[in-house]
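Working notes, structure below.
As written, the chains take the letters A, B and C, and residue 1 is the first residue of each chain.
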Amino acid sequence: MGNRSVIPFGPQHPVLPEPIHLDLVIEDEKVVQAIPNIGFIHRGLEKLVQKRDFTDYGYVVERICGICSYIHGMSYYEVIEHIMGIEIPERAKYLRTIWSEMSRVHSHLLWLGLLADGFGFEALFYQCWRLREKVLDMFEASTGGRVVFSVNTIGGVLKDMDSSMLKSFVDIFQDMDKEIHKCCDIFLKDYTVETRLKDVGILTKENAVLLGAVGPTMRGSGIAVDTRKKYSYAAYDKLDFEPCVAYEGDSFARCLVRIEELYQSIDLIRQAVDKIPAGDIITPYKGKPNGEFMFRAEQPRGEAIYYGKANGTNHLERFRIRTPTFANITPMLNILAGAQLADVPILVLTIDPCISCTER
Amino acid sequence: MSDLYEIVPITPEQLPIVAMEKKAQGGRLVQICATRRPNGYEVLYSFDVETQLYNYRLDIDEGVEVASISEIFPPAFLYENEVSELFGVPIKGISIDFQGKLYRIEATTPFKD
Amino acid sequence: MSKVLRFAGTAMKNFFSKPVTTKYPFVPCEYTPATRGRVVIDVDNCVLCGSCMRHCPSLAITVDRDKRTWSIQRMGCIQCADCVNNCPKNCLSMGNQYFEPGTEKVEESFEIPAKAGGASAGGGGGANIPVKGDDCVYCGLCAKKCPVEAITVDRAAKSWAVDAGACVGCGTCVDSCPKKCLTMGGGEAAPAAAASPAPVHGDGCVYCGACAGSCPVAAITVDGDAKTWAVDAGSCVGCGTCVSTCPNEVLSMGAAAAAAAAPAAAKAVDPAAAAAQAAIEADLPADVPVQLDGCVYCGVCAKKCPVDAITVDREAKAWAVDADTCVNCGTCVASCPKKCLKMND
């Protein structure tokens, strides 16, 4: 039996976008067990429901995370709209879909850059984040903010994108598609990348279900479920797509799923721009919410659950967000057990951790 | 779409039976959420069996103990630690129990007030 | 694809092309027209209603009605545009230049000029000083709220006086009087308001006066005994606070219409309960509020009391008034949504 020692990983680490602490129990360079320790960025945002009106709390929900910001904000307003029985106009649904998919593109490009940086492949990191800047510029032109958009409201959206803006976005995305293909082909066929990702960190299909994995972590292990497909919201029921899935369950499979989703998102944006109808973007409403509702959305990292409960006053009684990384922590601990110490940063990155969402 | 998500009320004694039933059907744990109500809590358990959500609600008074389902569903330990730390719901038998130190907060059970 | 020098093409292209980064701050940053940079106020249209202050999620805006200033903590603002979307006068907008970063937290303050007819240049404003009516109870709130301390009130001696030299004619005392017994005497009449939507009074009103109590410009008058409700369309700023305050959802924003309120039937009185009530009231000092049946311990009276004389415990269902602190202004009676308070005779 080798020597056992405990190595702390995080909360500051060059590969981590947000702080998480793992105590890695290692035996001669092989990780035997990983014990998580979170709470460095807990801000108690769910308690702020008691202090901010339901009309203003949307701005708090948007600021839970900088990467997943748009879908948090949109889902909050969807929950309120369902509780109050407000039907938003078709055009608003398509606009929300387009912004959600743009948000997914920017999130996956960010993740790809971080993963490449984790290898030391900084040139790809630079390329991905340069492409991501184009997406952020598009966000600024259409919503007013690069990271936090504040463009949703109860009953619809606040800003419209006219057809010339939508067409210019589609053109930019087509060019971006070619650039991403160039970068990703190099990435996926590189010998070093393959050696470090293939057959490393295998999450079996049974474990994925037992441990509650969601999103690309789950789809990389062969479970072809995408919340956008199974439970349609916004305009997804009118768009044509299939969940991206890979069957090996190793890190390479998870990376492949996300890269496929990048191309799929660009295609979804093009489809949505083709089909978007003319019309209003907001429905007026009256009154206060009373009731409860549970909403499921597909964040770039997986399925997120939003549960809202209102009692007819200005403040909601409870707003709970179950973020995808919260569900993915247990599968992450499972794939870390049995891994080499040097692989730990990459394995943590393959589940795409977003700790500020996790801890709210 | 709220008719898809009916919430079934159960008692704390029925909870482990429901959890085992969902596991036998091949389901996964989706979330555990607590809400404060005067003199007690509502704890909502959600399971996903073949993409259909099943929600169960425990309506309990303060001090009523709830059994942990982390032996049945391993990821439950994170949710149960969060619920017991932020709300003060006494959950017994969590597989990895952080003893109230999951989030490093100064106040004890801040969501209880 | 060959396995050698695959990235070389991209690397050489990067080597010979211009940098993608902007040499900020030497080269200014280009913002789009839609960029949410900073909040800009048009001081001429602001009426100091305070909607922006109530909606701001980061509590960055302060509206001071006495000093007539609108201030914003620039470093606290999160550029969410909630204030812009909720301003009833549309005097706020989002400029597209971000506020310059710095080493100190900056709070910018803007003076809101008073409208013509209301205030005027200071002293000697004999035409524009407040005049006291007959309902005055000498509670002293006008003196407390006066930004230049021009009013003197003596409760024991029942005297009220204004220093015409010091008075600036801002009208804050008129707004703050709970008995509405002050008016600005002489001077020009208030300007006719642009057609701002005043609230419309529908069925179901219980004349609790909650709307009048919540109106930031005191445009609504409610008389619980006479069962009348009226809005001054000239002062109304259309902020809609009354609509959301009304516990019976009786009001809606619409074109200014005079409300003709039919007097409601008087409530039937139960003689036994009345006798018991009379016994309680005989023990209490005069002119303090007494609690009738129907109290739901909502605590609105305690919140509205300007001197914090009332304590309400919702859990224990307890209600008490401190007779020594009470100034007999009657705000609690007017604010009770269940109409379960009255001033002791």
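Definition applied: contacts are C-beta pairs under 8 Å (C-beta built on N, C-alpha and C of every residue); 3 or more make two chains touch, one makes a residue touch a chain.
What you are looking at is a predicted structure, and each value in this text was computed from that prediction instead of being measured.
With chains as nodes and touching pairs as edges, the resulting graph is an open line. Each chain gets a centre from its C-alpha atoms; the one nearest the centre of all protein C-alpha atoms is A. With centres taken as mean Cα positions, chain B sits 24 Å from chain A. Per-chain Cα centroids separate chain B from chain C by 43 Å.
Each chain gets one centre point, the mean of its Cα atoms, and the points for chain A and chain C are 41 Å apart. Chain A makes touch with chain B in their complex at residues 35, 38-40, 42, 44, 46-47, 82, 209-212, 225, 230-231, 291-294, 296, 305, 307, 309, 317-318, 320, 322, 326-327, 329-330, 359. Those residues of chain B that touch chain A in the shared complex are 1-2, 4-5, 7, 26, 28-31, 33, 35-36, 44, 46, 51, 53, 55, 73-75, 77-79, 96, 101-105, 110-111. Note for the complex: chain C touches chain A at residues 1, 3, 6-7, 10-11, 20, 31-32, 34-36, 55-57, 78-82, 85, 94, 244, 249.
Chain contact summary for the complex, chain A toward chain C: residues 52-53, 55-57, 59-60, 63, 123, 127, 130, 133, 140-145, 148, 150, 153, 158-159, 182-183, 185-186, 189-191, 287, 314.
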